[in-house]
Each structure stands twice: as structure tokens, then as C-alpha cells.
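Just below sit the structures, each encoded as C-alpha cells.
Consider the two complexes below, in which chain A is the common component and chain B and chain C are the respective partners.
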Partner chain A sequence: MNNILVRLILGLMLVVALSLSGTEIIAAPSAAEIMEQVDEYQHLQSAKIESKMIITKGPRKMVKEMTSYIKGADYGLTKFTNPRDRGSKFLKRENNLWMFFPDAEDIVKISGHMLEQGMMGSDFSYQDLMESTKLADLYQFTIIGEEKVDGRSCYVIEGIKEEGKEASYYRRKEWVDKERFVLWREELYARSGRLLKELQTKKVEQLEGRWYPMYQIIDNKLKKNSQTVYEIKKIEFDLELPANTFSLQRLR
Partner chain B sequence: MKVSGVYKMLLVKLALRNLTRHKRRVIAIAIILAIGIAVYLTLDSLMLGLTQMSFDNLINLETGHLQVVKQKYWPEREDLELENLIVWESKLSEKIKNQQTVKAVVPQLKFAAKLNNGIDELPITGYGLDIDQAAQVFQLKKYIVAGSYFTDSNYQAILGKKLADLMELKVGDYLTLLVKTAEETFNTIDAEIVALVNTQNPKVNSNYVYVPLNIAQNALDVDNKISQVIVRLKYEEEVEETIKQLKKQTIMQEKELAVHSWRDSAESVIAMSKAQNIETGFMMGIILIIAAIGIVNTVILSALERTKEIGMMKALGFKKKEIILIFMIEAAGIGVLGGIIGLLLSGVGVYYLTTVGINLSALLGEQTFGLPVIGHLYGIYAPWHFGFIFISGIILSVLASIPPAYWAAKKDPVKAIRS
Partner chain C sequence: MKLKLSLLFIILLVIIAPTSVYAIEVGGEIEVKGYTVGNNSEYSTLLQEKLNLELFLPETEKTEAKFEIDIMTDSKTKSNNTQIKKLYLSRKYEEFDLTVGRQPISWLFGSLLNPVDFNLGAETIEQESSAKNVDAVEIYHPFNWGSNLTGVLSTTDSGKIKYGVRARTTINGYDLTANFVKERNDLEKRIAATLKGDIGTIGVYGAAGHYIEQNENIFLIGADYSFYQGIHQIILQGEYLYDKVGINNYLANIFTSSSNILTTEVGSELVAGTINYGIDDFNTLKVTALMHLEDSSLLLIPEYESQLVGNLDLNLRWGLLLGARGEVFGPQEINITDNSTSNLSNLDNFLEITLSYPF
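Our next item is the complex of A and B:
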């Protein structure tokens, strides 16, 4: 009788334990799911962004102000508005990037090795702007730990580039807010294991149901004293953009 | 009536005597002609030297005598994309080496990279080289000014001194090359600088970084692929013959390979050389026009001074063409005199250029002004150019004398004597 009672109690405990652990498995998202959520929050159906870049190169500091129009991952038009660069524009159409400088009055296509240069002297390369494929499609992500960044609980996720996929960075390490699914920190590595860039998000805002990074700092780890701050002043989502917004004619 | 030998001699004597009548005038015109000839021949020697040095630079430091590449690689070669590469295998190596005219062969992987010193970045061209074979094809060792050649195929690098100075790097420092693999993924090569070179090729000095082939292949993730095979021949004259022989090899068709002479990479140098020849010719042309005007002037003055004499000669039975001939011989004399002085002046200039030369680095400093060479430039002595210019000077003098001589010869003898 006692034996039966003990078995019954053990059995019940097992069922409870299994059901609890089962709940846990369902509740904890996988690394891929987390990164898909990050991609989802970063993806802009259409938007107008007014932003500022503060570029530091050793003792030199440059400020660039711009207005960008974005449609999905494939289309983007950026117009610089600060006095020195006023009239300069960048147009991204799928895998092509053009720029227009008012002094030269000519449209130049940026291709090949030019894409690796920093955009307007910043630590964002043109190639960084061109990558429109979702991260979850390029990398094999794994959760490697949990850490707090500026008081926020984060998943630490490592992404290794999938064989055969074209991506600028072989490995990336992401600190993703557990609740808000924004990247608080990101490290980008070369295939050799060398850290190339580090991105830190200092301010996020909840806009129309999603958390969006508003103030980011990117450090070029191959260059001393090279840093770019990217600050969003104003952002409007889901705008109706005229059909010709992203045409070459509008670039002039 | 045929002009007899004695008669001819008389005309020549008359012409030569006329030449000595106004020595100063004749010498002045001859000197103008001589300056034209000397300027042309000296500049010509310099240009020949510049062109030859550019070709040597290309052969000894960049292209060898021949390059074997994938057919599709050649038109896009300047883009340095990691596409259309050759799988480097011993079979291909043997086929090329087995050609009797081939002295040495080196596989090479050319790539785009950014040289980083921790503060700045510069776009450069990287070369992955088989370090042993490269020493037989290229003359890098000869131009080492600090450190020594690769000791093994580890993470070592050689770069131009000018580039190293610009990036504040020296032998023993580590440099970082930021590259992109065939899958567009960033990678880095961290290598110790083992040597600096200061060549006569400005591109090598300021734009190239050499690393061992296996290091480049590994960093660019291209397995054992290379962008080109550089071939050095025993003799430069065997380029065309070797191309023919290599094209016959079945492996060339199987692997869709093409062979290119160093001349195919020297288009810009050849174009520059042609432009410079035109420029030099133009300068000489202007000086020779001045000389021709001088000759016309001399003949007219002689004719005016000798109007009565010409009338007398015609009255004695000299024909118009004989009088013209006298003036032509006189002009030819000026041409010969100018030519001899010109050749002597040129000889001095060209001797200086071929033996002492010009130190371009001292003259131009760090700037190259688009010249494909730097360092010490020597002129080249081209005897047939001397001969050609000498004869051209005489012909020009003779031709310039014909119109004024004709004008003098057609004068009425009676009026001429009375004038």
C-alpha cells in the first residue's frame, strides 16, 4: 500500500515536473526566433527618418544631418541637409547604389571596392547600407548566454555566417533585449576572428508598438579614435511615398 | 645638253665659295639648325630611356614576360574580383615550365585590400606570391632597402618604402590587411613586415603589398586558386614564339586559359611614349621651321646681293636649273654644317644621359607627375636616329632653298646686269 502511495506521489511529481519543463520549452524562444523578431522590428515597410551623424576621426569631428526615405529593405533615398553637404544624395535600389554630388552635378554609381569605403567618411561602409537580407537568413544563430547591458536583461547570441551565403561579417555577437528585441550591443568579426566593429545602442524608443534604436555608437576597432554616432531625431512610419521617390531622375 | 663632271664641279665650287662669303650669316643659320637637331636627339634619347625603363619595370616587377590567365579574367583584371581564378596544379605548372624558352614560373594571386596601421586605412593592391619562385621571376630582392626577403611562408609581408613611410610602418612592425573573401566576407591578414623595397616603379613603392601565396589564399578563402601565372623567359625576343607554343597546349583549352604578353599590360606606357614622341617631334618641327625660314632668308639675301652675278652667269649660258642647283648646293652646305654641329651637341647630351643619367627622385622629389618610373633614368643611344636626323636636316635645307632660288634664277639677264 505504502509502495503504491509512494509510486503515485512520484508519478504525480514527474507529471508536474514534465509539464512545467514543457511550458519552459515553449516559452523560451530560439536564437533564430529572437533574431527574426529583431529583423522584424528593424524592418521598415516605409518611413521617413531625420537623423544626424557625428563622425570622429582622431581630433577631427564632422557632423552630417540627413533626411532618409525608406521603402522596405530594397529602396532608400538619403538627402544631406547640413550646410557643407547640402544637396548630396544617395539612392539605393535593390543591389545598386548611386550618389549625387551637387558640385559635380553628376550621378555616380558606387560599386566594387568603393562599397567598402566609409559612407561620407563615417564608420558605416556603403556595403553596410546595402545589406538588405535579413540576418536570420544569413547566419546560424545560437544563444550563448545572458547578460545585463545598461540594466536591461539581454540574450547573448552568436551568429556564424552560413556556408555559401554572402555576408560582410563572418561572426557576429548580439546582445538582444529579452523583452524589447532591440540590439543593445553588437560585435562584428572578420573570418580571422578579429573584431572589426562594435555597435552600442544608447537610447531606444517605443514607436507604434515596436522598440526602435534612436541613438547608436559605432566603433571601428581597426582604427584608433574612429567613431560614428548615429542619432535619429524624428521618424515617421508607414508613409505614402510617391512612386518616383526612388527614381534616378529624382536623384539630381 | 648633259652637265659634264667638270661642269658639275664648277657649280659645286661656286656654291661653296658663296657659302664662305657671309660666314656669320651661314654659321647663325647652321646653329639654329644644330639646336633643333640637338634638342630632338637629346629628348629622344631621354624618351627612349624612359620607355625602356617603364617596360623593364613592368617585366621585372609586375607582369614578367607572359601572363597566363583565365580568358574571362583578363578583361576584368583591373577589378581584382576573386572570380575566374585558375586552379593551380602541378600539371599546368609542368606544361608551362617544359617550354624550352621559359626560365621561371610563379603563381600569383592579386587582390584588393585595405592597409591598416591602427589609425588610418589605405586601399592597396595585394600580391600573394610563391616566395621561392617569385625570387626567380621578379627583382624584388634587388630593391630591398630595409630588412630581408621572406624567410618562410608564414605571416610575413614586403611593401614599398613610400607606402611604409606614409603609414608610419617599419621593418618588424605588424600590418593589417583588410580583405574580402570570394563570399564577400571581411577577413584580415596580420603580418610582420620583413622588408621594404624602393624600386623604380612608383606603383610598387606606393601601392603594393606582397605576402606569401598560401597566406593570401587562406585569407581570401580560395583554396589553391590563383589569379595568374607569371612567366619569365630566357630571352625577351622569344615572347611571340612562346605564346604560339603555349596556345597549342591542350591544357590551355581545357582550362579556358589565355596567354598575354607584357605588352598587353603596357598599353598606357606605349600610349604615353607615342604622345611624348609627338611632343618632341613638334618641338623639333618648330625649331626646324625657324631654321628653314633662316635658309630662305639667306638665299634671298644672296640672290639680291648677287643679282648682277646671276645675270652674268645667265648671259654666259648658265641655265635656270643650274643656277637653282648652285643655291641648292649652298643650302645643302648649311644643312651639312648645321647637321655636324647638331650631331656634336647631341653626342655630348646623349653621352651624358647614357653615362651619368638623371636622378628623377632628386629632381622631382616624392612626386612622380604621372611618370611610370622613379629613381635614376638613363638615356639610350640610337645611332640610326642620328643618321636619320642628319639627312633630314640636309633635305630640309635643300627644300627650303628651292623657292627663293627659283625666284632668283628666273630673272631676266639683261635687267639683272643693268640693275
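Our next item is the complex of A and C:
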């Protein structure tokens, strides 16, 4: 009887120990694994996006509407459709940028230094809007805590730019939804430690099996009373894009 | 000419009509411009209203049609002037794209002055001029994503035929073009090449042209750079133009608005530059300068652009001819418009105020 009881207790202890160790693995993925999952959802192998940008400063408002085709980190084609910029188009191939001027109906290669400038006066750079880079390829991430954002449980993760990698920001702090692996909040810092921009996601949607941010507010901390809203009206993933999509012919 | 254009428009409508299950959209811009030229004692002012209308006709996968028109009135002549900017049909074939009708032909490469454009004096990148909109046939043949060949056959105002060919390719991130133009009568045939790319973080570009009949050369080199000073985006651009052919007047007058202010012959060496200072997302200051190197006279154009509440655009330009009498950018003597009877001597500045509303 005692022998049976001892075996039963040992068996129970083993089950508890195994289940605990299993729980430990599932409950605490590494920062790299979390960010790889974020990349998995946010990286665009290929996509067509119809979006809108609203830039406000006090009573003044600027609205930009555009349709973009994106293929990974290297290729992007964006056409503006709002009245002020209607017909302006940009083509990005790796680190090269071309612009189509609708009035002259001709194409000009834009100097490389413009890639990091705000696209058509917004807080988003050409790189931000015309490529889909995997963050895990550029930053070394570490989990620094857990917090709730708008009622959602999030990992708080810090990323430091890896040496030799080209990234717009030296440090970034991410609030990643524990279940949906979307970024609810982002803080982007300069090397000096100064907070440059804060991005908040206000709406996400589950599309084709992945959660994707559809409405974001970016607050440029260097600008007073200014804010940019980026809203995706429609997005299609993993499209079969024609071979000449990212060509000067399509830019015309 | 009007009959030709009307016929072309009817043809366009017939072609587009079967696809007109889509709505035709209308867009454009309303613009009011006050333009004052003068000197210390005498000024003359012109008020011009312009309606730009563009029909966004339904497109198919392979066919596109465009129609854009400017309707202008001015206070001096009390006349209405209508100008068709675009009226063309473009069709994509297996091997090439064909565009027929009134269309802009511009061979830009990112410079402030473009001495090797298809139409000289056509425009700087951001400014309009009717000179580039011509009745033409254009054939575009792509070889791969970044290499192509364009052929243009156009008619000039005098009804003469003008033609040109441009080849374009990209090598190691540099955009290279070569072109040939059978120019207007006095300038005859021209061959030219352009280059644009980056050296480190600085954008660089250049152009060289040779006028075959005159056996004269023209060349341009330039650079641009941008950076942020806090929240302020600053863009710098500067270039040097060497011109032994005598086309500088076409180019320099682009900066003096629609009237041809510069009556003095512009010399053979010019330096041009701009500083663009973004005050914020809605306001920009810009200063453009043109200097004639032989007499060091200077044309200076400070400019302020603002997007106001209600989506209105405000543009203020002040042009200052800072040279001495007799120098290239010195005081001028002009008629303000072709139809005006008022002459101004010793003109040394102009002010342009433009309010526009895109819709």
C-alpha cells in the first residue's frame, strides 16, 4: 500500500514538473522569437495597400491618399490620388528612388539623401512607406517588462540597432500584443537618447490569418501641435504582381 | 489647329465611350494671381485668374486618355484665353507604348536649369510653362525595368516638324540618358547626354550638349543635399551652366514668371542655386539665385509657400534684379504682356502673389 502511495505521489510530482516546465517554454518566448512573429505578420512579401495620411497642425489639415504596391524590403511603387498631389508617383528599388511628375509627365531620379526625408511633407519617410523591412534583421531585442495597452496584455521590448545595419532609429521600444503579435505602441529614439517619435496603433484587423495595424497615430516629438494619422483603407497580401510592376514603364 | 483638336477629342470620346461604365471625374485648380512689376517710381499690376480643369477619364489595362485645359482671364487685356494642355490617347502594345495628341514632352533630370530638354525653356521641375505641351506622337519602348528608348515627332507653332530620340538606362545607381533633337531653325540639330546619381550622401548631376550646325557646346554640373535642422527640412541645390549657344535667356526667364522680363542677352556662364527651408509641414521659405559670372549681376527670388486653412495655397514670390544698368541681371525695359501698351523702363523687381485651390 505504502509502495503504491509512494509511486502515485512520485508520478504526480513528475506530471506537475513536466507540465510546469512545458508551461515555462510556452509562456516566455524570447524577445527575438516575439519580434520574428511580429515580422511574420507585418512583413509584406508582396501587397497592395490603399491608404490615407492626415497631417494636422492646429486648425490646418493636409490629407494624402495613395495606392502602394510593396514587395519585401526593396521594392515599392506609390501613386498619390488626393487632389493636391494627384498623379505624383514614386518608385523605390533598393536604395534608389524615382519620381514621376504628373504635370511634366516625366521621371526624375531623386537623390539618395531624400529617402529618409518625410514623404510629401509627412512624418513618414519614403523608406517607412515604400518598403517592408524585418525589424528582427536590424535590431537586437530584449524583453524589459510587461504592460497593458488599451486593455491588451503586451510585452515591452527594447531594440538596439545592430552594428553595421542601416536603420532610421538607434533605439526603439515596442509594446507587442501577447496574443496577436501586433505593435500597439512604439517609441523611436535617437542615439543621444532623445525620444523622436511615438506611434500608437488604434485599430487592428485580422486579415488572411494575420493581425495587422489599420489605424495609427504618429506623434513627432520634435514638432509642436502636430500629428500624422495613417489609415489603411484596404490591403491585399501576397499578390502575384506583374513582372514589370517596379519599372520605369509602370511609373509613367 | 482647333479643328484638329476637336476631331481628336471626338475620337477619344468614341474610344472611351464603351468603357464609360466608370464615372468620369473632374479635378483641377482655381488660381488667382496678382503680378506687379516696377521700379522705385512706377509699377504696373496684372491680375490673372486661371481655372485648370482635368477630366479623369476611365482607363483600361492598355488604353488611357487625358484631357486638361487652362482657362485664363487677365485684367489688362480683359480677354479670355483658353489653352488645351493635354488631349491625348495613349495605348500600350506588346513592344511599345504609343501616345498621340497634345501632350507634355519634358526630358527632365532634376536640374534647376535644363539646357538639354526637348523644348528649351520648358520648365523647371515644379513650375509650369505651356512651351512643353505640344502636338506630338511619342513612342516608348522599354528594354527592361530601367532602360528604354523614346521617340518624339512634334509640330512647332509655325507648323514645322521637330523630332527627337532619347535613350535611358541605369548603371550602378546612376541614371543616364542620351538624346538627339532636331531643334528649332536657329539652333538646328543637337546631341546631348545627362547623368544623375549619388556620391556618398550628396546627389550629383550633369549634362552636356553639342549643337552640330554651330559646332558649339553647352554643359551643366550640379549637386543637391538635404538634412534636418531640428524639425526643419533643409534642401540645398546649386549648379553651374556654361552656354556658348545662346539659350540662357530661355532658361533664365523661367524664374521671372510668365512674362519675359529679361530683355538683355544672358551671357555664357550662369550659376544657379536654391535653398529650401521647411518651417513646418505647412510653410516653406525658399530663396533662388541666378548669377551671371561675367558681370557678377544677380537675380534673387525669395519665396514663401503656405498651405492655409481650407486647403488654400498661398505663394509669394519677390524677384529682385540686383545688377547695375546694362548688366545681365540689371534693370530691364519691357512690355508686361504681349497685348499691353504699357512699357516700363528700369524695371528692377517683380512681386507675385498667388492663391490657389486644388480640387
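Criterion: the second predicted complex is superposed on the first by the 215 of 252 C-alpha atoms of A that agree within 3 Å, B and C clash if a C-alpha of one lies under 4 Å from a C-alpha of the other, contacts with A are read in each partner's own complex, and residues count from 1 in each chain.
Everything that follows uses one rule, which is that a contact is a pair of C-beta atoms (placed from the backbone, for glycine too) under 8 Å apart; a residue touches a chain by one contact, two chains touch by 3 or more.
Nothing here was measured: the structure is a model prediction, and the numbers come from that model.
Participant: Clash or fit: how do chain B and chain C relate after the overlay on chain A?
Facilitator: They clash: once the shared chain is superposed, the two partners overlap in space.
Participant: Just to be sure I read the superposition right, which of the two partners does A:Ser51 touch: chain B = first, chain C = second, or both, or neither?
Facilitator: neither
Participant: For A:Leu222, decide between first (touching chain B), second (touching chain C), both and neither.
Facilitator: A:Leu222 sits against chain B and chain C alike.
Participant: In the superposed arrangement, does chain B or chain C reach more residues of chain A?
Facilitator: Of the two chains, more chain A residues are contacted by C.
Participant: One more residue to check, A:Arg84. First (chain B), second (chain C), both or neither?
Facilitator: In the superposition, A:Arg84 contacts chain C only.
Participant: Once chain A of both complexes is superposed, is A:Leu248 in touch with chain B (first), chain C (second), both, or neither?
Facilitator: In the superposition, A:Leu248 contacts chain C only.
Participant: With the two structures laid over each other on chain A, which partner does A:Ala104 touch: chain B (first), chain C (second), both, or neither?
Facilitator: second
Participant: Quick check for you: in the superposed arrangement, does A:Thr201 touch first (chain B), second (chain C), both or neither?
Facilitator: Touch status of A:Thr201: no partner.
Participant: To test your reading of the overlay: chain B has the stretches 115-123, 133-141 or 349-357, and exactly one clashes with chain C. Name it.
Facilitator: That would be 115-123, the one stretch with clashes.
Participant: Considering only the contact definition stated at the top, list the common interface residues of chain A for chain B and chain C.
Facilitator: Touching chain B in the first complex and chain C in the second, residues 112-113, 222-223 of chain A appear in both lists.
Participant: For a test of understanding, state which residues of chain A touch chain B in their complex under the given definition.
Facilitator: Counting only chain A, the residues touching chain B are 58, 112-113, 116, 127, 161, 164-170, 190-192, 194, 196, 222-225.
Participant: Applying the document's contact rule, which stretches of chain C touch chain A when the two form their complex?
Facilitator: Interface residues on chain C, with respect to chain A: 27, 97, 103-104, 106-110, 122-123, 125, 128, 132, 140, 142, 144-146, 148, 168, 170, 173, 175, 196-198, 201-203, 224-228, 230-231, 233, 278, 280-282, 307-309, 311, 358-359.
Participant: Quick one: in the complex, what on chain B touches chain A?
Facilitator: Touching chain A from chain B are residues 79-81, 112, 114, 116, 118-121, 123, 176, 178, 180-181, 183-190, 219, 221.
Participant: Note which residues of chain A are touching chain C in the complex, please.
Facilitator: Those residues of chain A that touch chain C are 55, 57, 59-62, 83-84, 86, 93, 95-96, 98, 101, 103-114, 117-118, 121-122, 220, 222-223, 226, 244, 246-249, 252.
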